[in-house]
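Two complexes come next, and they have one chain in common, chain A, joined by chain B in the first and chain C in the second.
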Partner chain A sequence: MAGALSLAWGVTAHRPALLRQVLRSFSVTAVRNQETGAAVAAASIDSRKSPLILDEKFPDSNSIVVPREAWIETLDTSAASTQVGLIHLHPQVFGANPRLDLIHENVTWQKKFRMVNYAHTKVRSEVRGGGKKPWPQKGLGRARHGSIRSPLWRGGGVTHGPRAYTTHFYMLPFSKRLQGLTATLSAKFAQDDLKIVESLDMPSDEAGYLEQLCENRRWGISVLFVDDSDIMPRNITLASDTLRHMNLMPVYGLNVHSMLKHETLVLTVAAVRRIEERILYHFRRPDLPKENMKRFRM
Partner chain B sequence: MACAVKSLLGSLSRVATPLYGAAAAAAAAARTSQAWTPLVTSVRHRYHWQKMKKGPLLKNYGQNDILHNKGLMPHIEHHKRLPIPLYRPKNNWAEKRALFGQNDYIDILGPGNLHPTKTAYSVPAWLRGFKGNEYQMLLRKKKLFGQQMAIYRPSKRREMDKRIVWLYKYLNFKTKDYMWKKA
Partner chain C sequence: MASQGTEKALALLRRLPRVSLGNLKPNPGAVKSARRGRGIYGGKTHGAGSKGSGQRQNFMRLGFETGNTPFYLRFPYQNYYKGHHMRLSYAPLCMGKLQRMIDTSRLRTDVPVDITQLSATQLFSINPMEKMGGIMLKDEGIDHFQATLNLEVQWATEAVITSVERNGGTITVAYYDPISLQAALNPMAFFKRGVAIPRRMLPPQNLIDYYSDPKNRGYLADPTEVARERFVLAQKYGYELPDIRSSPNQEMLLERKDPRQIFYGLQPGWVVNLEDKVILKPTDPELLEHYAS
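Here is the complex of A and B:
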């Protein structure tokens, strides 16, 4: 229980140093409200008198593609309607070219760059024994041998076998990874697998509630919920704890492989804005060519 | 379908196999002659159902066939089970597989002070961000652990040194590098 929960409650449980570093630079904007049933019911009735229209014009955008429009939904089924508002998505992030080749390269990179092959075979000098000449060179009529551990012998060493720690590390160019993210987000959006949600607040902490919700809305078999912060609301954490195919992730944990593994991707409004801000920052930075030329070395 | 059956003279006469025409005459002649010649008899039926009614041809009579020729699996009572492993499907939604690849884009989507090599916790610390052949890997290992190995694993350290020396000679005097293609 602790192991699975800590993922959502805070990766801090496992990796304190990493998260402390990240949280220091992230600004925690909203204080989590009390998620009692009454409070949520009251909030949902009062605060949504008018729909949440976030129609940003994106004046800085130099893209000829128009901003993408998406519904803002809510995870509260007691609300009047599923849709709570409208949001405009930046075209460079969510309306990019869905490059399948880049997506494939990114997924392959993710699978390979952390792989270490521990297979190991002993060479003839490492196999126990085999220092003495088994029989004299001439006179016996037998084949000539110098050691019982030569590769010709049964139980002998392997000549060109796998050797110890073989790593397959490499880094994709920065722009390829950046465009891999935009391609996947655009593809997900184009295929109606991207859902925007105002927040991950839920009235109930039961797994059945979340399952029923996803079932009713045809939200795929597997769902990935992404929020700006890595400390998620209590109810959705408990609900998704036992459901292995519904996972929670912070924005910095988002990646191409996870987006493809989960059928539906659910982003909060805060997560959308954070993703846009981060990706556009990297697209616009003046030292991007320098970043691409970087050869990573330890 | 006509079948040619080689049989000894004596046994054939006892078995009720129909002999036609020339075959019968040959059989009769063979019975009376002094020298023995093997008799080739073709077995033919007028209708297919007659052949089927006779059943399968008796072959290798008296041979004890020790091969497993019945059922799908070998007999377990006297012999070991074949090493076919039980199928155990992988749990594709186990935690490590469900969240595979998390934090791989932390240098893009995070604050920018972290690199994915720093978050690759499944890789041994000394191999994070490293790619090289065996020689380069051993040199790195010696640089990082050589002194400690000399104290706590002297035999292993000695073996590693031998391997490094051998690999240097092999790679530099017995193999070509990528420059040779351009030369």
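Here is the complex of A and C:
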């Protein structure tokens, strides 16, 4: 499994023919499997004539950079092969510079912007009492004091203490949020923690099935499944309902914190294309990220 | 994208532990603590010295030389600055760059190109409050210019006019007062204000000659005079003037704004309601008379 993916990683533009050959042999086994009479659900997936090869060329991206290649897997364990195809990923989204500092900034922002500190202390005027001068200014040989609630006194007010409600809201610049997403996706992909499946359809709705699947594929304890739509397939919804470490998320909810919180990120093909489309749209729009436009200004 | 550095970073990341919430930290030196330095790191005055303008930050006015006759008063009056507070500056746009904007699909050629279209490319910083008058066409890269356009800019030279007309296009120079210019630069921001589109003011005294001259293709010039000057310029530079009337884009090329009009298709006095997507037009005869050209 890991070996197969590392093969996908190592493949560059001049060797797609070899990969195609490998994939064709997969398709042959798939057909054979169907002939021997596998599960009905498996048959529906394996019934396609050839493997799913989504080798988009991305003519808009830099011609020097080849698209990233990844396997397309299936969540159906009864299928003849785990891998059912190959997909090209846009290098600007899945092969961007993994800026760990930007990832950190995003995570910090996600934590802080909704944080409200309720800690509260009273200043000297708010503490009860302390209106009368405790003793005369002069003549007693004692230190001069004007109030028993002075910060110097025990039981007095607090100087520079926390005051409720302190909000920590701020907005991270748009470009940083955008780059945070590409950096996280790229880091996840580089570390083999990003898997692509053709869909979230599963033959079973048992939690054990999903757990076993993730264990067999070494996806780790926590897995985040992301689909294009927010209406998820019935089986995976039921299976992941009791597993608090396996979560489903629509593309519009994708964020840096959740991607890092889970060990493995599983995207459907539709989700991949949607993410690419949204991120590239924002990368290219001339109006919003003003920094992007600076070098073109006259 | 994906420079060598990126590739190296991604290859390095492959052999490193999984990036997760637990092992992230900012770049070294990126986070500064907001503490006030004590002792030798700040001391009593934090470098501001004691007493006087250094401490209080009430610095001397610009050009003041503490008792000397200031430099700006020491020499006689510079005549070329006469009336500088009235003059307008223009954002330059070279013809070569204009062609490149068309080649890279930043600019449409099937609609008249005016200040609104040019400003929508986000490539210009024009501030009417800083006495900028709009866009001026420069003749750099003029040999590369091949587009057929209906151009409306605020300043153009004879060479520029020649190159536009030789390609079968038309050009007008038009004045926008600061308020109209602000509206034309960012129409959406203007419509959001919910006010009526103003009348475009006529040029000030010192510019009225420029904008009335058919040689400059001024928007206040007589169209028949302009047609004649087009022919004269073609004779002067020895090129055959393409016939606009036989062009498929004839309608677009001959579209002109009224001297009081700011946006194509919208008249002064109208209110554009973006919320309800309706245009409100005045009916009061007094208003109609006010906004009439």
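Side notes on the structure shown:
Here is the rule we go by: the second predicted complex is superposed on the first by the 232 of 298 C-alpha atoms of A that agree within 3 Å, B and C clash if a C-alpha of one lies under 4 Å from a C-alpha of the other, contacts with A are read in each partner's own complex, and residues count from 1 in each chain.
In this section, a contact is a pair of C-beta atoms (placed from the backbone, for glycine too) under 8 Å apart; a residue touches a chain by one contact, two chains touch by 3 or more.
Computed from a predicted structure; not experimentally measured.
Contact with chain C, but none with chain B, is seen for A:Pro91 once the two complexes are overlaid on the shared chain. Legend: residue contacts after superposition of the two complexes on their common chain; A:Arg234 is shown touching neither chain B nor chain C. Of the two partner chains placed by the overlay, neither chain B nor chain C lies in contact with A:Lys122. In the superposition on chain A, A:Asp101 makes contact with chain C only, not with chain B.
Of the two partner chains placed around the shared chain by superposition, chain C is the only one that A:Ala190 touches, whereas chain B remains out of contact.
Using the contact criterion defined above for the overlaid structures, shared-chain residue A:His257 touches chain B and also reaches chain C. Chain A is touched at more residues by one of its partners, and among chain B and chain C that partner is B. In the superposition on chain A, A:His145 contacts neither chain B nor chain C.
Residues 257, 261, 296-298 of chain A lie at the contact with chain B in one complex and at the contact with chain C in the other.
By the touch criterion stated above, chain B contacts chain A in their complex at residues 91, 93-95, 98-106, 108-124, 127-132, 134, 137, 159, 162-163, 166.
The touching residues of chain A, counted against chain C in their complex, run 9, 61-62, 65, 91-92, 95-98, 100-101, 103-105, 107-108, 184, 186-188, 190-193, 257, 260-261, 263, 286-287, 293, 296-298.
Contact residues on chain C toward chain A in their complex (touch as defined above): 1-3, 5-6, 9-11, 13-14, 16, 18-21, 24-27, 30, 91-93, 97, 121-125. Put simply, chain A touches chain B in their complex at residues 3-4, 7, 15, 18, 21-22, 25-26, 110-111, 113-114, 116, 123, 125-126, 163-170, 174, 177-178, 181, 222, 244-245, 247, 249, 251-258, 261, 274-275, 278-279, 282, 296-298.
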